[in-house]
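Please go over the structures that come below.
Next come two complexes, and both contain subunit A; in the first it sits with subunit B, in the second with subunit C.
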Partner chain A sequence: MHTFGYRANALLTFAVTALAFICAIASFSDKFSNQNPSAEIQILNINRFKKQSHGNDEVSLTLDISADLQSLFTWNTKQLFVFVAAEYETPKNSLNQVSLWDAIIPDKEHAKFRIQVSNKYRFIDQGQNLRGKDFNLTLHWHVMPKTGKMFADKIVMPGYSLPDAYR
Partner chain B sequence: MGWIGETVDSIKSIQIRQLFIQAISLGMIVTSALIIWKALMCVTGSESPVVVVLSGSMEPGFKRGDILFLHMSKDPIRAGEIVVFNVDGRDIPIVHRVIKVHERENTGEVDVLTKGDNNYGDDRLLYAEGQLWLHRHHIMGRAVGFLPYVGWVTIIMTEKPIIKYILIGALGLLVITSKD
Partner chain C sequence: MGSQIRPIEYKIRLVRYVRYIKLVAPVKLSGSVLTEILESSSSSVKKKPEFLQRFENRLHFLDMDWQGQKLAEQLMQILLLIAAVVSFVVGYTTASFRMMMLIYAGGVVLTTLITIPNWPCFNRHHLKWLDPSEAEKHPKPQVVVVSSKKKSSSKK
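Showing the complex of A and B:
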């Protein structure tokens, strides 16, 4: 009952249980943070809008993205993964989400930013439905914690549209 | 002379009973571990409710050796979710983020493209020959939570199987030599 083995076992079990408990509480504390992020996106230019050789529409655009996501950082946050997606509807597909740009924000100081960037990933439709198409630009973020539950949320900004003809 | 035979017999019977009790309690421990694992599979709706991150393609968010808790629900797959999927022909599941979703109007089927945060290009190189999109049946779960560093135990045991044998041997020895 008092050998080294038993004591080591008891100590290890208690340490692991306590650690698991602390991780759970750390994750739970994220529920109480006050969050009010804001963002604004403008389309500066449509660089290219054409039909590819195998028939799908492709757009290349330059975006001006400004956002203040500082309130999303808590002491349990490791990083914030942010991305902008274009969301639209076509006759064949009830929902299309195409990610145009993403970034990793490692800390609170970098969470308030304004950048002008052209789309990192190609905006290609399944079909030729993009002429004159109205779409939403949604800023999504994914809070990746130091331990525990991950949260994701988004800001939807409707009202963008593509030109009626290819360029 | 008779009582020598009696004591020998009683010792022998105790040994056998002890042996059986130890074997059964070992079996109980293994079985309850299995029950917990299967129950987790039921609750999370995923075939593997906990996975270990094996590569650095999602750094700095998930490093090699972290474990991820998965959950699978009937909710539609949306961009930004971190999903675990199996490619046909490969048995190691991959944990990456969804960057493109095209969902069909009538059938609700969905085409999904994924990419690791730390990778330059999307996952089309990882998919099977000629496959451009993932479908719902490839996806085993969504990552909903994670614990850092805990998965190193599994990685070490897989990459150096000798440690696994040493561990099981030591456990077996412990069970046999302990009195209760």
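Showing the complex of A and C:
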């Protein structure tokens, strides 16, 4: 600690180490928050259900998504990334997941919402398996923290199905 | 100085030394002075220019004595720990990440102001060197070389 250069270096190193420590504790404190999110999705309308020119099935839906994700926000949350995926099984793949809609929720006020929207991304199958298919609509979310580990979770809503014939 | 360096190497080292001095010494080295240094280096290889000797100890006003250094180091660690703890507690209770960062940054700046400059409180125990006249009265004991080949390996 002889010259001011040594002292400045020691101070900077210690300050950054302590900063890393408090950020780690801040991230760890997220475990103690009470989280009970809820969500509900309804299919309002199936707009189109046809076979594309190269042979794959395509569906266009209008969804009514209502969710209350306010309890997922803690002091260490920067934003929440939410997406809705349709999951179903085909003879070729045991699990197909197609993302239909996503959004970024920047703060707690916007976390309780209800919107009616048609699917943002196209629902296209690998093949022609969608006629009469039962599928789950799953709401996934990724909690992006200000510091620390990102957590992801989901709510599975089963019981949706597509009609038996093309429209 | 046992090893001899070539004149070109000395010149390169000299130019780098002058550039370093320019960084730390708040004095402008004029162009003529610089050429004087470079010219004198070509004539005599081993002599260090007297001009540079003046600026070598420029930053020693920032040094502390030994007790002061220990105190400064302890103060720095304690202050930073307190800043970290206080900032975390305040941030957690107010649920504001921003508040935590602001308080911690304030704590770091405060610690910098207290610990790094050479305040007089860090210079109270000035180191007293022995007077040269006193030192001459007590000559250093001569090292007696004991040549014993059996024990030499264990002594080292």
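Convention: the second predicted complex is superposed on the first by the 166 of 167 C-alpha atoms of A that agree within 3 Å, B and C clash if a C-alpha of one lies under 4 Å from a C-alpha of the other, contacts with A are read in each partner's own complex, and residues count from 1 in each chain.
Just so it is clear, a contact is a pair of C-beta atoms (placed from the backbone, for glycine too) under 8 Å apart; a residue touches a chain by one contact, two chains touch by 3 or more.
The structure presented is a predicted model; accordingly, all values stated were derived computationally and were not measured.
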First (subunit B), second (subunit C), both or neither touched by A:Thr3: second
Partner chain(s) touched by A:Ser27 [first = subunit B, second = subunit C, both, neither]: first
Which of subunit B and subunit C A:Leu11 touches, first, second, both or neither: second
Contacts of A:Leu44 with subunit B and subunit C, given as first, second, both or neither: neither
Touched subunit A residues, subunit B compared with subunit C: B
Touched partner set for A:Ile115, first subunit B, second subunit C, both or neither: neither
Which superposed partner A:Ala152 touches (first subunit B, second subunit C, both, neither): first
Those residues of subunit A which subunit B touches in one complex and subunit C touches in the other: 146
For the subunit B and subunit A complex, residues of the former touching the latter: 60-62, 76, 78-82, 97, 99-105, 111, 115, 117, 122, 143-148, 174
Footprint of subunit C on subunit A - complex, ascending: 1-4, 7-8, 10-11, 14-15, 18-19, 21-22, 25-26, 29, 74-76, 146
Sites on subunit A touched by subunit B in the complex: 5, 23, 27, 78-79, 81, 83, 85, 91-99, 102, 104, 106, 121, 126, 140, 142, 144-150, 152, 154
Residue ranges of subunit C in contact with subunit A within the complex: 59, 62-64, 69-70, 72-73, 76-77, 80-81, 83-84, 87-88, 91-92, 95-97, 100, 104, 108, 111-112, 115-118
